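Pasting in a structure now, in structure tokens, and then I'll have a few things to ask.
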Amino acid sequence: MPHVRVTRRVHWNSAHRLHRADWSDQRNEQVFGACSNPHWHGHNYEMDVTVSGPVDPETGYVLDLKILKEILEQRVVSDLDHRNLNVQVPWLEGVNPTTENLVVAIWERLVDQLPSGLRLERIVLWETPRNYVEYTGD
Amino acid sequence: MPHVRVTRRVHWNSAHRLHRADWSDQRNEQVFGACSNPHWHGHNYEMDVTVSGPVDPETGYVLDLKILKEILEQRVVSDLDHRNLNVQVPWLEGVNPTTENLVVAIWERLVDQLPSGLRLERIVLWETPRNYVEYTGD
Amino acid sequence: MPHVRVTRRVHWNSAHRLHRADWSDQRNEQVFGACSNPHWHGHNYEMDVTVSGPVDPETGYVLDLKILKEILEQRVVSDLDHRNLNVQVPWLEGVNPTTENLVVAIWERLVDQLPSGLRLERIVLWETPRNYVEYTGD
Amino acid sequence: MPHVRVTRRVHWNSAHRLHRADWSDQRNEQVFGACSNPHWHGHNYEMDVTVSGPVDPETGYVLDLKILKEILEQRVVSDLDHRNLNVQVPWLEGVNPTTENLVVAIWERLVDQLPSGLRLERIVLWETPRNYVEYTGD
Amino acid sequence: MPHVRVTRRVHWNSAHRLHRADWSDQRNEQVFGACSNPHWHGHNYEMDVTVSGPVDPETGYVLDLKILKEILEQRVVSDLDHRNLNVQVPWLEGVNPTTENLVVAIWERLVDQLPSGLRLERIVLWETPRNYVEYTGD
Amino acid sequence: MPHVRVTRRVHWNSAHRLHRADWSDQRNEQVFGACSNPHWHGHNYEMDVTVSGPVDPETGYVLDLKILKEILEQRVVSDLDHRNLNVQVPWLEGVNPTTENLVVAIWERLVDQLPSGLRLERIVLWETPRNYVEYTGD
């Protein structure tokens, strides 16, 4: 049975800043520059979530993308869209919302939510059209 | 002498919320929904600024795009990038930063800054890859 | 009061063929080539619908894009998505679904549906990423 | 000698439906929803085909992309473009044309067609700009 | 009869430099900077050519896009693709190949080549994904 | 500590031709076709450079993208932008500038320039929007 990777792209908008509460304002500014602006900035995030598994000989699907779309909506997008990543998302509490930390936190939200037999393969997260991160659970 | 329209695309990231200070929180929420989130959200803005004029027979340029790029950087991008549109931009003070109000305010920042003989023709402003506004000064 | 153009992008997938019932198969094939394949072909349509009007000084909106999105869903997308344009859409009955005829028919579906004071300005319809049509009601 | 991956992007348009002949209409509808519409729907498919191998020290090529383009045209695109995937493609006979089944069938069409010393590395197939599958022959 | 605008996108690759033979090297460098590099640089040009006219009630076409594609290939793309715009294109002889001059020269190559009853409406020419020019024959 | 891949996209414009000085003009033409045009052609190159490493628990960064951007500018973009790849780039001397040879040469320019603990993971280089190469150092 062939194994195929299936990807769904989703998007949302959030405000954030890069900031550590245990650092002085000066040090935050020094390390994170304009990204630490105390009045926030924000992004249109785009995310590709890839799931792999055997093609079901009955349906010809690895999984019905409607199921993946629903999981992404419930576990990630509804919590992040039109929100402030630093102060409004329980599962990001205490996390400095760099793209790296964000992709790892999203991985944890999704990795045990897939139908059995499927593997969360890769998450690609664009902060802007010019930079993105990838995480594969390693 | 042919008249040509020349466009430069620029981008920046900002936080904002849709909000009127003279309305109750309830009314803001009713009219603007998730966009009025008091903790802000944000966008990667992309903007196409179009200038028209005769092609200079000496240079073959309507204008040197480096000049337009510099004007856009000084008059718009440096003020908006990694900022909060509601509270950190002097020329947006008192403006509810809908995309419509933003494109009109940007027009005012640019319209009298072009080299003589040239016309600010059109500004297209994307708030997300799925919605944008255009303004032509009317 | 400034007048601004506001655009919402939507998408759907359909099957179609170019075909006139009053022509022989041979003539359909001669004029429309592979596009007249009796077993159909199909496209991912992308459409930008642009509405113009004065910016409402109260809200800063030309119109709330949620309203436009809802009109597009009810009047166009729900009828065309995952459908056959030649045989399953009442308002395309008897229409040879070229992109030109399609954009004109969609215009008629939308032109009198907008809130008062607003103008349907332009529809851009992509049949593929390499060709598109525009209609402005003329 | 360095090993490099070389990719060519191609595209075509097809009609299809998700459907098993050995299932009742009701069950097809239940499992595949709008994708099982008996009157078909369709897509603009985009496909990236990646070939890997050593860089030929004489030419500086892994392979001349004109060769890959020709193979893709002859073995895949000419059979699928402006066709119905369920009823007009001999090598898809009996295949339920989900994107997963389609990418595996295309792999089989290509895997033994490359010049010797080269490896078919990966096929990425977009059904829409928002979902795609990848296959690497596993 | 509705009037619709129909657009075809094409592309090619060329080398060029911005340069006037009647100016000293120093003045060319002063005005055109890196764009006047005597060893050339180059671009992937993308071009949208828009034709307008009444929708033919017989075919539902403004024009068959295969005709437009053929005109663009013969009159423009075959002359420019993989060529040097300064020294290898007879109809650009003596033209400093700025994007402005190029779009006007392409307009002249196309304006009298369309089937009768149709109008060359607009040419948009991208020199890079971040800057483009438009010409409408004015 | 999770390992994440971080990517920065950059771009530049160059002229080049495919050519071996030790081959006759005829043989160059036979093997490389229009790409061997003695008057050159050119491209808008786009490049994604991916770096992997552990997420620094202090900053939440794999690395500050400003550092990567600076390395790419100094080691690659400033040497290639608005230049001729065959005759103006010391580190491409004697290299036939196919995309394959170019991506390997860029890899060598970058692989020992990263902060310690980080790995150059992958370079993707687009010559046109329709073809690209990837190199991972193998």
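Letters are used for the chains, namely A, B, C, D, E and F, taken in the order the chains are written, and counting of residues starts over at 1 for each.
The definition used in the following text is that contacts are C-beta pairs under 8 Å (C-beta built on N, C-alpha and C of every residue); 3 or more make two chains touch, one makes a residue touch a chain.
Please read these numbers as outputs of a predicted model, since none were measured by experiment.
Contacts with chain C and chain E are shared by B.
Fewest steps needed to get from chain A to chain F, stepping only to touching chains, is 1. Put simply, the chain farthest from chain F by mean CA position is C.
For the touching copies chain E and chain F, the fraction of interface residue numbers used by both exceeds half; the interface is of the same-residue type. Distances between chain centres, each the mean of the C-alpha atoms, put E farthest from chain A. Centre-to-centre spacing of chain A and chain E amounts to 42 Å, using the average Cα coordinate of each chain.
Chain centres here are Cα means. That of chain D falls 34 Å from that of chain E. Averaged C-alpha coordinates give centres for chain D and chain F that are 29 Å from one another. Within chain C, residues 129 each touch two or more of the remaining chains.
Inter-chain contacts, as defined above, occur between A-B, A-D, A-F, B-C, B-E, C-D, C-E, D-F, E-F. Listing the residues of chain B that touch chain E in their complex gives 2-9, 50, 55, 59-62, 65-66. Taken together, the chain A residues at the contact with chain B in this complex read 11, 13-16, 34-35, 37, 39-44, 46, 81-84, 87-88, 128-129. Within the complex formed with chain D, the residues of chain F that make contact are 18, 31-33, 95-101, 103-104, 129-135, 138.
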